[in-house]
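Note that the chains are named A, B and C in the order they appear, and that numbering of residues resets to 1 at the start of each chain.
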Amino acid sequence: MSDDAPILDASGLHLRFGAVPALDGVALRVWPGEVVAILGESGSGKTSLLRVLSGALAPDAGGVLYRDASGAVLPVLGMGEAALRRLVRTEWGFVHQNPRDGLRLGVSAGGNVGERLMAVGARHYGGIRAAAAEWLRRVEIDPARMDDLPRDFSGGMQQRLQIARTLVTEPRLVFMDEPTGGLDVSVQARLLDLIRALVADLGLAVLLVTHDIAVARLLAHRLVVMRRGRVVEHGLTDRVLDDPQHEYTQLLVSSVLAA
Amino acid sequence: MSGAWALRAEGLAKTFTLHLQGGARLPVLSGVDLSVAPGECVALAGPSGAGKSTLMRCLYGNYGAEGGRILVRHRGEAVDFTAADARLVREVRRETLGHVSQFLRVIPRVPSLDIVAEPLVARGMARDAAREEARALLLRLNMPPALHALPPATFSGGEQQRVNLARGFAPGYPVLLLDEPTASLDAANRDVAVALIREAKAAGAAVVGIFHDADVRDRVADRLFTIEPRQEASRSAA
Amino acid sequence: MSAAAPDAAAGGTLAGYNFAYLDEDTKRMIRRALLKAVAVPGHQVPFGSREMPLPYGWGTGGIQVTASVIGPDDTLKVIDQGADDTTNAVSIRRFFARVAGVRTTERASEATIIQTRHRIPETKLREGQILVYQVPMPEPLFRLEPRVAETRRLHALADYGLMHVKLYEDIARQGEVTISYNYPVMVNGRYLMSPSPIPAFDNPKMDRMPALQLFGAGREKRIYAVPPYTSVRSLDFEDHPFKPPRPAAACALCGSRDSYLDEVVTDDRGGRRFLCSDTDHCAGRRAER
């Protein structure tokens, strides 16, 4: 049994929006370097879970603990806004479903990628530019387009730019909300491959929300299936998808259209 | 069973509960006892539908078990694989337990060379060195260099199968599960596959295989393990 | 409004008005804000800006600050874009003469309080002097982040990456930072501050100035301050350091080559002259010649 501790540890999460249970006793752990996919359909609570885990939404009950780079265990929901923002700037990353939510559209691609570096004190223009060029290359955007505005990019490119922008500070934990939603299939494939490679290269821990089983199978080591605020099944990705135990999981898996 | 073992199944039972069919229960395996020693190759035998593939998948951790357990000798210790959590299963699959199936789950855009090199890199090998080993193995399997840089999506069945084999044999796993390893292969490549299996055995690997090709089976298997089909396919409600 | 009162430069003040126009409670409120501002250099302190006898946008903040610190023994100088003789400078100077009865002057070296709009005097200021700046928009991040709640958070967390992004964009697009006035500064290594719309040329004067610098924004209801000898650094990059612009020519009147110059169009055939913006400085140099 490995004895390294989880990077994120949530337990007893409850959240209601009026009469609707968004989270009904959810517990979840993520270890360093692993990709956990939260799979569910609309109304499953998966987005609420992501927001609670990242400190953007307070639950009615329960707690989330984060183990930072120094090994200190911090309560996500009690650490205070200053500490949380510092975390979001440095050790955490976010990839939003709509890249426009994660980019500054009026700032050049290079400026978008360099911003996190500048926010943590980088003050050498040439160095910032070089780092931005390197990351654009890594997400397969031509560095010559560094001074272009994101609004001149395609949706897939904007999403890759968002990924570069968030990974430039080499975070330890990345939250992704349907990162390939809304993209063309061929563009999705390229993006998924990129995410797969980057996650492996950087040893990132990723918490990924998706409704797409294929995305979960490709990217995730572990799968958490949610329905109506509850975790109905969880485990190794290929086990959950190939030998689903819960009725709902069996329904999901059997509903996938074959190519 | 006594003596050295690398992989064991003890009283293994596997039953599927089909909730979408009113909770129908489909028992496939019950009371399977199997012990495989290092350097030994056990061929699973039995009629189609008897549960050979199911047993393979249980041994790999792809399927869970409803009864009994599976033990793997991992890092010198006996690990209860059926009770292992996801992280431990991944660790065992990374270091100890290899799997070659008939189907290559195709990841878009990744070149064959990197598909083969990936398990080596996951074990800590430098990417360049991993690619070198991958290249050598693919060449041995008669895959021309032109194909190494291509993703296998457009390959023929035989070509995909050779990528599968290379990926499964490159790391030198102590335990190997082979599910129809020579499907779609011509005679020359079947011979290479047989050689690879023999070399793995000689290196101390415990091998469990499903071989529909009797010739291949006879050349590599030390013994057969027969699975009898269930007498009744019970369709009682849960 | 009471009967016409003596318009003396010294002595009698306007009857029916408190000394320096503001009531004492208001002065105390503003002084409390000033003390807070001085204690946290560069931090914007909200204050209860009063209605003043001139509209917002004409220096109500500066006037309220001056009114709160001025005493009968002070000597006041008021400049607008460096000049003592523009309409606004004259009006404000006369206002304080009438409501406070203080001595006024055009010589920076003789003033104890200097209220200014958009320039710092060329004359080096001393300990004991107070420079009061009129500020239209106190928030340096205003154009980059319009939400006030968000900018307050950014200041609280010293999260100033956004401003550096703006500088980065300038350099990427134009090869250099193109901010020519109201160039953002870092005060005491902690707060990002707007120096008010003074030309970037004047920024270096703020650094470790021996005089007390007070900033009043009446419409936006904010006060901030830089105590004497405080570090004020213009934002830049290590490899693109801040360089104050050099004057284009020499002053046509006094010959100065290192004061900020106004360009005056003299005819419709492209004729122009460059004159010192700081009238006191120019007059002083001419007197010496």
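Annotations for the structure displayed:
We adopt the following convention: contacts are C-beta pairs under 8 Å (C-beta built on N, C-alpha and C of every residue); 3 or more make two chains touch, one makes a residue touch a chain.
Only a predicted model underlies this, so the values are computations on that prediction, with no experimental measurement involved.
Each step here moves to a touching chain, and the least such steps from chain B to chain C number 2. Seen from the C-alpha centroid of chain C, the farthest chain centroid is that of B. Geometrically, the chain at the heart of the complex, using CA-atom means, is A.
Rounded to whole angstrom units, the spacing between the C-alpha centres of chain B and chain C is 78.
Between the CA-based centres of chain A and chain B the separation comes to 32 Å, rounded to the whole angstrom.
Rounded to whole angstrom units, the spacing between the C-alpha centres of chain A and chain C is 48.
Contact with two or more other chains is made by no residue of chain C. Counting partner chains per residue, chain B shows two or more touched chains at no residue at all.
The residues of chain C lying in touch with chain A in their complex are 153, 156-157, 159-162, 164-165, 168-169, 171-173, 237-240. Listed in rising order, the residues of chain B touching chain A in the complex are 16-20, 57, 61-64, 85-91, 107-110, 121-122. Those residues of chain A lying in contact with chain B across their complex are 1-2, 31, 34, 189-190, 192-193, 196, 200, 218, 221-222, 235-236, 238-239, 242-243, 245-247, 250-251, 254.
Residues of chain A touching chain C in their complex: 81-82, 85-86, 89, 104, 107-108, 110-111, 114-116, 118-120, 123-129, 146-147.
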